[in-house]
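The two complexes that follow have subunit A in common; it is paired with subunit B in the first and with subunit C in the second.
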Partner chain A sequence: MGNEQLSLIASVLSATLRMSVPLGFAAIGGAISERSGIIALGLEGYMTIGAFFAVLGAYTTNSAAFGLLAGALAAGIFALIYGFVSIHLKAQQTVSGLGMNTIAPGLVAILMVAIFGNKGKSALTPNLQPIELPVISKIPFLGEVFSGHTILLYAFLLVAVLSWVIMYKTPEGIRLRSAGTNPEVIEALGLSVKAIQYRAVFASGILAGIGGAYLSIAQLNFYSSDMVSGRGFIAIAVFVFAGWNPVRCIWASLLFGFTEAIQMRLQTLGMPSQIIQMLPYFCTLLVLANIRTSRKKHHIM
Partner chain B sequence: MKRAFSVLVCAAMIFSLTACGEDPVSDGKDAPEGDAAASGKLAVITGTGGLGDQNLNDYVYSGVKMHEAEGVTVDVVQPSDLADFPNLQTLYAEEGTYSTIVCIGFDQKEALTTVSKEFPDQSFIICDTECEGSNVTSVVFRAEETGFQLGVLAGLLVKEGALENSRGNNTIGFVGGSDIATINQFAAGYEAGARLVNPDVTVLRSYVGSFSDPTTATELATSLYEQGADIVFACAGGSGLGVFTAAEKQNGYALGIETNQNALSPDCIIASGTRAWDEAIYDATQKALDGTLESGLLSYGISDGMLQAERADSNVPVSDEIMEEVAAYSQRVADGSLKLPTTLEEVDSFLAEYAE
Partner chain C sequence: MKIKRFEKLAAPVLSIIIALLIGTAIIKICGYHPLSAYSALLKGAFGSFRYTMATLEKSVPLILCGIAAMVAMKSGIFNIGAEGQLFMGAIGYTVAALYLDFLPGPLHLMVCILVSILFGSAWAFVPAIMKIRIGANEVVTSIMLNYIAQLFTSYLVSGPMRADGAVSQSDPIPAATTIGEIVAGSKITWGFPLAIVLCIVFAVLFKRTQLGYEITAAGMNARAAEAGGIQPDRVRIIAMMISGALAGLAGGLLVASTFGRLVETVSTSFGFDGISIAVLGLYTSVGVFLSSLLFGALHTGSLYMEMFMKIPSELIDVLQGVIIVVIASPAIFQILFKRGGKR
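Showing the complex of A and B:
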């Protein structure tokens, strides 16, 4: 294999990693929320809030790290509104979850006009810088793929593993999963299901918010309207595909990131762009259809 | 409690949907009816991006606003959603006092096709797209001419290796918002211009599939730079901003469009293909005020002096010879001695006819 093909493969894989980070963060958040018994349909909204407040935070403090913090916190608080409506007031979760996706862009549009004077694009802000990994960056192929990403890629892998450990290996994780499947057990233990669910929803907001912040202050250095562009919905497909398992969310988001990265390369080969752009969505459909049939088999057994 | 909260949530949602719109008939109610020409009133319906976008909406609005100095009243409304277009067009048209109603952006076309039929006596202007209707004037710029100016510039720059960070592959790129006729009109002019001055140049093309997804645009542009492109033309509305981010990260060059975008990334953006919407719309609305506006297509181009490959604010050095050559080719388009292709399919036959 020639050098040229190798570096093409490296650049596709590197793009795959970049595209999968925002999906992955949001998907882990969604998985945690779903585990606690709260449907996570508002990820798109959380990401929008995260993307905007990250820019606002970075803009006001002139620090990308504070921006990230602001984006994550704002999205977490925003998710608590959904938590209040669906946990405390027991509202229909599908409706209120989707409602979050409508409120978020509206709220952001108002703030954009108030702060940046237009709805379209914010001012430029500092952004998270790529990190050169010490040894790996020197290795030809591996360096190109794995080095030179922002801290959030490495954080994503860490968060996925940590979430898995917490979910499956700690008492907190057992309580989280029981809150979703057997809430009466939690009640019997004298614990509050609602408290567990609030924590889970808050965590889902924070993680999806980081995913949104990745779009605005890692990939880019500004907020522009509708920039989340449906990634929150793809994240739903990711965590469903991953069976609400944080570590499997890594593989699932990599798969979706890969279809995105590959469609971008295929376009310049002169194939009809409309067909190639369907690829990620087509893949989503295939994956979800496959899940349904395999779950059915599982039930029969 | 629960009920009160749900009312509150509903109110918040309605507020969020309409927050950025203004009352479209704020000051028209008391005006005496039936004297459209005498009162001299114009209405503007912006695209969903709204005013302050430093782009099409602001640009068109400033053109209409120039009439205010002449005592003309200008009313403007900023819809926040595509679904608002038919309602706002109807509201203004029902007033019956506007000399013309200016609708900004191609996404108002569908709504206007229906609404214009219901008000056959009301004149409408739509910007940046062609729309059928006996009372509709479509104001457009010849997109292929803008593409051509930038294509000639890019073709010359990569041919002569004039750029400091050139990768030496004689390759340029194009990132379009969507694979649609309007965008491909730019692409056709771009490719025709580049290959006319530089027959061996490779022109890579890709499409974001959205005009509001700069993240995808940034990845697409990165992939074009990695494939050897020196210059990428960002022809993708709001998504195009992502191309400039990629240019900065990859040490590449970019071309902007519509307004002068050079200041957004002065070390990377070589030039912007500016289109003088203010002048074009001032001209068209003046005709409406005079009562001489005709329906159909009103297209402006290089020959009207409204299209430039604007260099101001860019720090990328380009020799005067190259700019003179771009001007010379533009002149040939203006005087009609070069007939540009408007679709990608026509590019080859254009080159067969004009290549030296």
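Showing the complex of A and C:
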């Protein structure tokens, strides 16, 4: 293989990693929320809120780190509103989840006009800087693929593993999963299902918010209105594909990220990128076709 | 009975009021004048004959998608895939219009409509059968199918069906297959009376026919329905296919009357709006009709509001979102009614 092809492959793989981060964060959040028994249809909205408030935070404090914090917190709070209607007001979650997805871009557009004077694109802000890995960056192929990413890529891998450990190896995780499958048991133990669900929904908002923030202040350095464009729904496909398992969310988001990365390449070659883009959705359908009802009965999705 | 009916109406009315109040707060915070914003919204929706007609025309796909969502939800299955079914309907309509042009005029039009219905219906069959046979959640499968349909549309208009020119769109459909204005210059097409007829048809279907009864029974209590000799699974598949047929028709009509060709953005989330409309309309035909008018009015009014008051049209997304979040939370009304001192 010539050098040119190698560097082409490297750049596609590097793009795959970049594309998978926002999906992965949101998908892990969604998995946590659904494990607790709350449908995660609002990820799209959380990501939108996260992307915008990250820019707003970075813009006002002139610090990307504060921006990230602001985006995560804002999305967490936004998710809590959904949590409140779902948990306390016993909302029909599919409908109210869609409602949250409608509110978020509307609210952001209004705030964009009020703060930045137009709803399409915000002012430029400081953004998270790429990290050059000490040794790996020197290695020709590996360096191009794995180095030069922002801290959020590594954070994503860490969060996935941590979430997996918490979900499967700690009492908190057992409670989380029981809240979704056997809420009676939780109540019988004198614990509050509602409290567990609120924590899970808040976590899902934070994580999806970070995913959104990644789009605005890591990949770019501004907010634009077509930034999230369905990634919250793709994240649903990711965690379903991953069987609601945070570590498997890594592989699933890499798969979806890859189709996104390769799509841009194919477009420049004049190939129908849409067909490639369809693949992960077909895969998810196939996976769903294999999920037995009995095993997944308690998962709402 | 009358009191019960009033109480039922209270939910949608209150949710709209709550949305308007939250909207007011947002408008104020952003430094605009709420009253002039809302009056601009109203003026843009109903301020003149042309605006009113535009509002009615805008409501056509909303009505169809609203009934689509209603039929499925009544049977106990959630059709979040209307968006994709709409795209498939639009594809079907365009393909039939462009490639079956040897057919004589009126027949050609009928065939186009039929094909759009079939495409939408077939697309709805997939999540329905996956749900019934293997228990795959219809919400997730439908979301996947939405994307596949949208991507397929985008593929067609940028590849095999692309017309010459810079824009990704198909060739215009032949004149015989377009659906025109009722009166020239009125901006309102035959789609609107068709939508009204469909409202009536489905009102009658649910009030008077065996199928309507079976759909309602399957949705309310599947086991009781089964004991009564109804096969809930079969009924749900039928309901889902009717739902898809309506969404497909909505897509066909958008091609036939609004765009005159297949475009990438046939739908601006009409399929999703349909769900909100069905919920806000309390799963009744009349309710769907009125809610569609409201949503249509918000759409057209918001453009006017943006143009003349410089208030972003997205304000209505917030209003719509709040309306459905509130209406989907029945506990709000229980709390309100208890505190409201009914006793």
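The rule is simple: the second predicted complex is superposed on the first by the 271 of 301 C-alpha atoms of A that agree within 3 Å, B and C clash if a C-alpha of one lies under 4 Å from a C-alpha of the other, contacts with A are read in each partner's own complex, and residues count from 1 in each chain.
Everything below uses one rule, namely that a contact is a pair of C-beta atoms (placed from the backbone, for glycine too) under 8 Å apart; a residue touches a chain by one contact, two chains touch by 3 or more.
What you are looking at is a predicted structure, and each value in this text was computed from that prediction instead of being measured.
Touch criterion met: A:Leu288 reaches subunit C, while subunit B stays clear of it.
Shared-chain residue A:Met100: touches subunit C; no touch with subunit B.
When the two structures are aligned on the shared chain, A:Leu215 is found in touch with subunit B, with no touch to subunit C. Using the contact criterion defined above for the overlaid structures, shared-chain residue A:Ala109 touches subunit B and also reaches subunit C. A simple residue count on subunit A separates subunit B from subunit C, and the partner touching more is C. Legend: residue contacts after superposition of the two complexes on their common chain; A:Ile236 is shown touching subunit C, with no touch to subunit B. Residue contacts after overlaying the shared chain place A:Ser11 against subunit B, while subunit C stays out of touching range. After overlaying the two complexes on the shared chain, residue contacts for A:Thr150 are found with neither subunit B nor subunit C. Within the superposed three-chain model, A:Gly120 lies in touch with subunit B and out of touch with subunit C [touch as defined at top].
When the two structures are aligned on the shared chain, A:Ala261 is found in touch with subunit B, with no touch to subunit C. Comparing the two interfaces of subunit A, the one with subunit B and the one with subunit C have residues 85, 89, 91, 96, 99, 102-103, 105-107, 109-110, 113, 119, 272, 274, 277 in common. Those residues of subunit C that touch subunit A in the complex are listed here as 26, 30-31, 78, 80, 130, 134-137, 139-141, 143-148, 151-152, 154-155, 158-159, 272, 275-276, 279, 310-312, 314-325, 327-332.
Every residue of subunit B that touches subunit A in the complex is listed here, in rising order: 1-2, 5-6, 9, 12-13, 15-17, 19-20, 49-55, 80, 179, 204-207, 209-210, 212-216, 218-220, 222-224, 226-227, 238, 241-242, 245.
Remark: subunit A residues 39, 41, 82, 85, 88-92, 94-96, 98-114, 119, 230, 233-234, 236-237, 240, 272, 274-275, 277-278, 281-282, 284-285, 288-293, 296-297, 299-301 touch subunit C in the complex. On the side of subunit A, the complex with subunit B involves touching residues 7, 11, 15, 18-19, 22, 85, 89, 91, 96, 99, 102-103, 105-107, 109-110, 113, 117-121, 215, 219-222, 224-227, 229, 260-261, 264-265, 267-268, 272-274, 277.
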